[in-house]
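Presented sequentially are two complexes of chain A, the first with chain B as partner and the second with chain C.
Let's turn to the complex of A and B:
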C-alpha cells in the first residue's frame, strides 16, 4: 500500500484543521490590517515625528525576522517567563504583528506613490494634512495597494502553517497527527499541499490580474 | 522571575556558528536556485507547450504551498518512493527548489520587460534561442532582476529557520538545542531573533552595495517579500 487510506474521521480532522487555519489567517489579517494601516499612515508622514520613528522601527524590525521564531517566542518564550498565554492568543498576536508590518509597508509605499501635485492640490484648497490624506491621497493609493496586499494575504496563509511549531493544531499539525495514525505521509502531505494550493493559487492569479489592470 | 541573559550570551559563539551554517545553506541554495530559476524562466517564456507546462506547474506549485509543507513532504513522504534523504539533504533540496521557483518568476518578469525589438535584432543576427537568451535577454534584464533577487535571498535567509523542524542543523536548531539544555526559552529565542535581524540587515547592505556598484541601481526601499 503505497498511498494508504484515510478514514472519515481522518478527513474530518483535516477539515477541522483547515477551518482553524482559516480562522487564524482571517483573525491575523484583520488585526494586521488595523495595525498596518495605522503604522503605514504614521510612517508616510513627511515630517520627522516621534510616531513616524516608532512606525519605522516597528515595520523594519518585523519585516526582518522569521515568523516561526515570533511564534516560538510568543508562546514558549512567554510561558517560560511564568505567564499564562493560550496557544491561539500567542499565535494570533505574533501573526498580527508580522502581517501589520508588511501591510504597513504596502500602505506607506501606496501613499508615497501618489504624486506630490495631489498633496499640493489638497493644501491649496485649504485642507489639513489628515483631510488631504483621507479625501485626496488614500482613494488613489488604495488601488495601488491592493495587488501587493493580496500577495501578503497569500504569505499569511502559507505562514500560518508555522503555528504548528508551537502546537496549534491547524492544518499542518492536524496532518502530522493523521500521519501518525494512518502512516500515509504521501497521501496526507499531498492533500495538505493541495489544500494550500487551492487557497493560494486563485489569490495569486487575482493579484496578477489586478496588477496588470493598473 | 528574573531574566538570565548570560545563558544565550555565554553561548553566543555556538549560536553564531549556527548563523554561519544558515548562511552556507542559503549560499548553496541561491547558487543552484539561480540556475534553476534561469531554466524555469526559459520554460515560462518558451513556445514549447510541454516545457512551458512543466515550468509553470513547478513554479506555481512551489510558490503557492507553504515552505514547511514542502519540507515535511521531502522528509516524510519521499521515503515512500524509497528516496531516503538525511534532514540536511531534504532541507537543502527543498531550499533549492523553493528558491528556484521564486527566482524563475523574478527572472521571467525581468526578461519579459526586455523590449521585443532587442530580441528580434538578436535573431536577425542569426543567433539561436539560447544565444539570444544568454547574450541579449539576460544582460538587459539584469537591472530589473537584481533588486527583487536580493530581496528573495533575504527572505530565504529568514524562512530557512523552518528547516530546524526536521532537525537540519542551522541557527534555529542550535537555539533549540541550547533551550533543551537550559530551559531559558525567552532569552535564547530573543537573541536568536536579533541574530536573524542582523543577518538580514547585513545582507541588505551587502546586496545594496552590489546593486549600486555592479548594476548601477540606486538604493531603493525594501520591497515587501514573503514566503
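Let's turn to the complex of A and C:
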C-alpha cells in the first residue's frame, strides 16, 4: 500500500520519529518543570541567600545559551571528555536544563507579581515563609504562570527538532531520512508540520481553558 | 498588667528618621488610638510591633515577650497578635471560611472540623456567618474588612493591631466596621488602632497617642485630648479633622 509516494515503511518510520519526539519532550519537559519550579522558588527568595545566587546563575546562563549548543555539548562534548553518555540521556538533559531555566524565570516573576500585602497577611498570621508561599502565594501565582509556561513548553517541543544534530532520530531527522528515500520533501515536511501542529495546538487550547478556569 | 510596652524605639528609612524614640504602653484589655498627620510614623510604629518592619534601636514587649527577628519566636508572637490592614488583604483564592481557617490549620494545627467551628463563631461575631461559602470579591469593602477582623479573632490573639482599617472604605461602609471594633473593645480585647475616626476614639479609646514628626507628642484619655490638648500641634490637628 502506498500513500502518494510514501510506503507503509515510511509512515512507520515517521511514526517512530513522532514517538521519539514525544518521549524526549515528555521526559525533558517534565524534568524541566521540576527544575524550573525549584529554581524559580529559590530565586524569588527576598533574602540574599547562596541558593538564590545559584538559582540566578543557573537561570541566566541557560537562558542565554542556544538549545542546539546544549545538544552538541551535552552529547559530543561529554563523549570527548571520555565519558559514556547515551544520545537520549544527553538530549533529555539538555532539554531539562533549558526548559528549567525558562520555567524558573516564569515561576519567579509569577511569585513576585503577587502583592506584598498577601505576604504580610500570611506572615502576620504566624505562618512561615514556605507556608505562606505554599498556601497563599503560589495558588495565586499559578494563574499568572500558566500562559507563559505553556508558551515555553510549545517552544521547547518545536526546539526538540534540533536534537537531530547529534543524530537522535526524532521527527525531523526521521523525515529527512524518508525524504532521502522518496524524494518527496513537500509531502514529508507537510506531514511533519501537521504532526507538530497536532501536538502543540491542544497545548494552546489547554492554556486558554486553564486561564479561564483558574 | 502590661500588654504592650514600647521602649524608646527608633527607626530609619534610609536617611529618613521616622520614629524618634517612641515609648508607649497599653494595659491588658485597653484600646489605644494612634493618630497624627500622614508621615508622622503611626503606621510604621504599628508595623514594628509585629516586626513587619524592623527597628533600629529600642525594645518592644508584647505580653512580656520581646519582639525579635528570630524566626521561630517571631512566628509564635505573630500568631498571637492580630493585624488588620488598610487594604484588608484577604486571600482572594480562598472562600471566606478558607480565609478564616487558614491560620488555624497551618499555624495552630487545628483539625479541620474544629477550625471550621471556631471560624464560624468568629464570623458570627462580625455578622457574616452566612457569607462563609462566598469569596472575598463577592463582598463589599466593609464586609471584607469584617472578614479580616474575623480572621484575626479566630486565632484568639492577645492583641489586635489595626492599620487605618476604615480609610479604604466608602463612607457608608465605615460604620459597620467601627461597630465590630467597638464590640471587640468592649469584650476586653487589647487593641491598638491607627485611625482618624475621632467619634470612634471618643467612644472607645482608653488612651490616645498623638504622633508628630516621629515623636509621641501627647497622650492621654480622649476626654483630655479632646477638651484640653496640651500641645499646639495636637490642638490644631484635632480642630482640623473634627
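As a working rule, the second predicted complex is superposed on the first by the 199 of 214 C-alpha atoms of A that agree within 3 Å, B and C clash if a C-alpha of one lies under 4 Å from a C-alpha of the other, contacts with A are read in each partner's own complex, and residues count from 1 in each chain.
Note that a contact is a pair of C-beta atoms (placed from the backbone, for glycine too) under 8 Å apart; a residue touches a chain by one contact, two chains touch by 3 or more.
This is a predicted model, so every value here is computed, not measured.
Undergrad: In the overlay, answer first, second, both or neither for which of chain B and chain C A:131 touches.
TA: second
Undergrad: Please tell me which partner, chain B or chain C, touches more residues of chain A.
TA: The partner with more contacted residues on chain A is B.
Undergrad: Mind working out whether A:169 is in touch with chain B, chain C, both or neither, as first, second, both or neither?
TA: Neither chain B nor chain C is touched by A:169.
Undergrad: So, does A:140 touch the first partner chain B, the second partner chain C, both, or neither?
TA: Touch partner of A:140: chain C, not chain B.
Undergrad: Using the touch definition from the top, say if A:95 reaches chain B (first), chain C (second), both or neither.
TA: neither
Undergrad: Is A:105 touching the first partner chain B, the second partner chain C, both, or neither of them?
TA: first
Undergrad: Of the two partner chains, chain B (first) and chain C (second), which one does A:196 touch, if any: first, second, both, or neither?
TA: In the superposition, A:196 contacts chain B only.
Undergrad: Quick check on the superposed pair: does A:178 touch chain B, chain C, both, or neither? Answer first, second, both or neither.
TA: The answer is neither, since A:178 touches no partner chain.
Undergrad: Following superposition on chain A, which residues of chain A contact chain B and also contact chain C?
TA: none
Undergrad: Considering only the defined contacts, which chain B positions touch chain A in the complex?
TA: 1, 3, 60-61, 63-70, 72-73, 76-77, 79-80, 154, 158-159, 161-162, 165, 172, 179, 183-186, 189-190, 192-193, 196-197, 200-201, 204, 221-222, 224, 226-227
Undergrad: What part of chain C is in contact with chain A in the complex they form?
TA: 50, 52, 71, 75-83, 85, 87, 89-93, 102-103, 106-107, 151, 155
Undergrad: Which chain A residues qualify as touching chain C in the complex?
TA: 117-118, 120-121, 123-128, 131, 135-136, 139-140
Undergrad: Touching chain B in the complex: which residues of chain A?
TA: 2, 61, 63-70, 72-73, 76-82, 102, 105-106, 109, 148, 151-152, 154-159, 161-162, 164-165, 172, 175-176, 179, 185-186, 189-190, 192-193, 196-197, 200-201, 204
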